[in-house]
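First chain written, first letter: the chains are A, B, C, D, E and F, and each begins at residue 1.
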């Protein structure tokens, strides 16, 4: 007697293959300006929507005493097309995330542990920075230079959320000194002393 | 000798009033489909970008033993126009966030403490649910029914991130039973028994 | 003498292959967050832009006495990338489209025949419903629960328009009771009685 | 005993004033590129979402024997920000909607009554036209020249749907001949004979 | 000693293949509503971002004494997904770009040399036109009919910028008279005299 | 006899006040994330769409021997909501536009005069730079560090186009050294020597 209701629903064209509630990225295919092609829905499982790497502290045994663990579309293809992503930030004592930008996303940082001095600089050249404690959140608008410094006596941990599955990351020092951009061009476009440029190129592996 | 460089920069039209890197919402003015009008940049301070309420546990002394603390544009106007927001979820033992949707945003949940059974249901009627442990993240695509249940023996806490400063929230039970939608219409459109509808209207304060 | 004007136009690079006025979806290729890859313009004909299935009444010989005939991108690939779609709704006497949402689109319904009681519920839990007569149109904003009931003495027919070629459809009852979502989870997340859940799972073919 | 659940829900910040599921336009305030400012939710009723003017035939007692009745945001402010709109098209015998474009929206036409010859022309200068019967739908991609002609022996009626609440309308003849654009400029930019231009300026009320 | 900083950076997942700062279009693959699939970043060179054809005057030895040289995505795939494009306009003495629209983009024209009479017509049928001198810029909003005429005594040159990598171009005369759209339909939908239509079909190579 | 056609057109609701083909910004009112409120169409004239300041060379008598003259929405409100803008770049001999980003837009530069060495650096830390000659165009994708240097023996001039009416501009040196960001924080987040930071703060007027 109740079969007819099943019948009408099964007539509806809302099969797995026709509905795009989500689009788990197939990273093996070329992406496009909207992201990656979708994995076939029939092959999608709950594991495409769950990611565990942010539960583990990053390795901060390095000069900046910091680690960023991303859950962007490249690591977590379930985010493809959904307009957001996450990352984990670990800062050892004296750790710092150097001045950087995300060309494609705004960011909100949530302090899980410790104390972080964070800030950004606007196009109008205004500086906005503050000491953040556990539980504080702070906004870093899209494309603006910003930084985070462990300003406490223990480790600091944060979760950062982005308004894109692919926010990008440009660390200014790395961009200026960590590649083959000729020293002459760096000097001309930054007004830094040549000795300073060469010193940092040495540290960051740059050539030219 | 160095004054000329200052001169040229000061000639550039990038004053506070002309550049819109961000648009801190002025909630006193009417919003529109893009959000709220911007607070004047000269009145914006770092405090417009920092919010502390997510550091405090919500009160879970209620029937569902759960609390959601939002940092949406209405609470945190610095998010206006930036395409993302956050919230904190506290689940006491046996706590549950009932079946609900966010009409305007996809969501990613990060488990801070405890164990959470979370899931969503697709348009194609497939069910995706899993036990999440501390450090796991899970995606809930835009507009789909989803839920979170404390499946552990202690409290559970999560930070949730949304792809909109104004994700909306529609708790199915509250929408069906917590207002003046006539019982007759609820019965006709849900196939629930009338007694069931009246019982839940009683619990949730609905009339009609 | 007039040939030169032809010459200059033919020099312009606006060949079929270079201009994307439209992008008829090639459903055989994987879609992506923006939709399907485009059929080659040289193979596109007027028939890619014309669709006739909405002229035929759907079969309402079922329990809900209702039928929805979609012209979404999966049925009508000419809509790919154009930001809208249509569907036809047939309601026999006592027919009902149960409580549902479209996760990806707002909707406007136009009553072609008969009388329809239609409504939606907002995030703020306000109820908006009304009797609609032939020629009336009604808006259902994106992602919100809504329903349509034949409230007249004859058949009712409507054309519905969506703000996406792929609006999605989540019928609440089907999502809750028509799949393998465990009864225990349904009970916990809806506060419905277990007997009620099992009864509707029986009707709608659900298991677990 | 059940009061606590009410309590927690009422603590949620999802009041009418804070949630933007919809944004009924307040046409008395200035619009911006996203649409009109929102009417206060507390003043919104179901009547903001229902519109009846499309149920009445337009007056086709005119030279083109056609009438368009719009339900755009200017007539139906509930559509503000929702990404779609509708209109009704009435064509008497021999009626025609002259060649025109919608600068801001794609269109889908549904034939309610009669027979319509409709078509559009692409950027690549390909022509797509067809006889449409009752129940047929046809797509007209954004910004392209298109037309509809009553090609049957009785009246024809159609409902047209747009991918914007404000699709715009530019009737080519009206743009070329119905205003003060100097005849000399029309001749130079259309290659039409001056006599032809002056004749149509006479018909359409143009000057210059 | 400085190696650790390199180490942490190299651990970051920001390899060429994972970051989408840009998406140089691979025109050999099918496009989609968002544009073309991306060329693999490892194969991208600076030459994908540099284009020289706009430095050369177009050939204006034709009836309209005008030439448009585009740098759209089809000619310059580096623009794929970036939301803008350019073109060069050469107008010999008495040259004219006939009445046309760009269905997919707004335009800003910058006069490099000479004097240009340019204008557009709004949906509200208002005419906006002006004599432009070297250095002037003028806006033509999306989808509206517009034209440019050399109104000086020497050649005129302009650079035009569009808000899309694929703005499209529909020259009204070419659309009406340069294809197989039947004369009868042109007459019915434009109110032009049949002789006028046939004359221009002859000039522009139209048939039917 | 022809009056009826006028009648039907005048019945159409496409008055100035109802159609939004464009939205000339009213800079006196507060903006929001979509831009500025629209000037009333009845007050809009062709002069709102024409701007002449780019025809005049900027003053390059300064240390960087460069000047940027913008036509962004703040200078040219007709661009409001249209998704593009322009600027003029003048570079005297040895002139340089220092390393900078536009947080909100991609850029295409067209060389009008002279020779320019221009480049950008990707998130993947790849460097793309090239000598550009008159007539060359080059792309700078959104949010990435880039620069332009006069690499010829005479002046260089360029027109730059942006994919936003409000692209923003963050000159790295000015952001790091031209405000009150404490020297200690600059040192920590850039790894520059303190002496270098203080020297450039002196040049650029920074304090702290």
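Quick notes
Convention: a residue touches a chain if its C-beta (ideal position, glycine included) is under 8 Å from a C-beta of that chain, and two chains touch if they have at least 3 such contacts.
What you see is a predicted model; the values in this text were computed from it and never measured.
Interface repeat of D-F: among B-F, B-C or E-F, the matching pair is B-F, sharing over half of the residue-numbered contact pairs.
Counting the residue numbers that touch the partner chain, chain B and chain C have more than half of them in common. Comparing the CA-atom centres of all chains against that of chain E, the greatest distance is found for B. The greater number of contacting C-beta pairs, out of the two interfaces C-D and D-E, is seen for C-D. A separation of 21 Å divides the Cα centre of chain A from that of chain B. The geometric centre of chain A is 35 Å away from that of chain E, both derived from CA atoms. In terms of their C-alpha centroids, the spacing between chain A and chain F amounts to 26 Å. Among the residues of chain A, those in touch with two or more other chains are 14, 18-19, 21, 29, 32-34, 103-104, 119, 122-123, 125-126, 129, 141-144, 168-169, 174, 178, 203.
All chain pairs that touch, listed by label, are A-B, A-C, A-E, A-F, B-C, B-D, B-F, C-D, C-E, D-E, D-F, E-F. Chain contact summary for the complex, chain F toward chain B: residues 30-34, 59, 61-64, 66-68, 70, 72, 74-75, 103-104, 166, 168-169, 171, 174, 178, 202-205.
Chain F contributes residues 14-16, 18-19, 21-22, 41, 45-47, 49-52, 54-56, 71, 76, 78-79, 82-86, 105-106, 108, 110-112, 119-120, 122-126, 128-130, 132-144, 159, 161-164 to its touches with chain E in the complex. Chain F meets chain D in the complex at residues 2, 4-9, 11-14, 17-21, 23, 26, 29, 31-38, 40, 80-81.
Every residue of chain A that touches chain F in the complex is listed here, in rising order: 96-99, 101-104, 117, 119, 121-123, 125-127, 129, 141-145, 147, 149, 168-170, 172-176, 178-181, 185, 188-193, 196, 199-200, 203.
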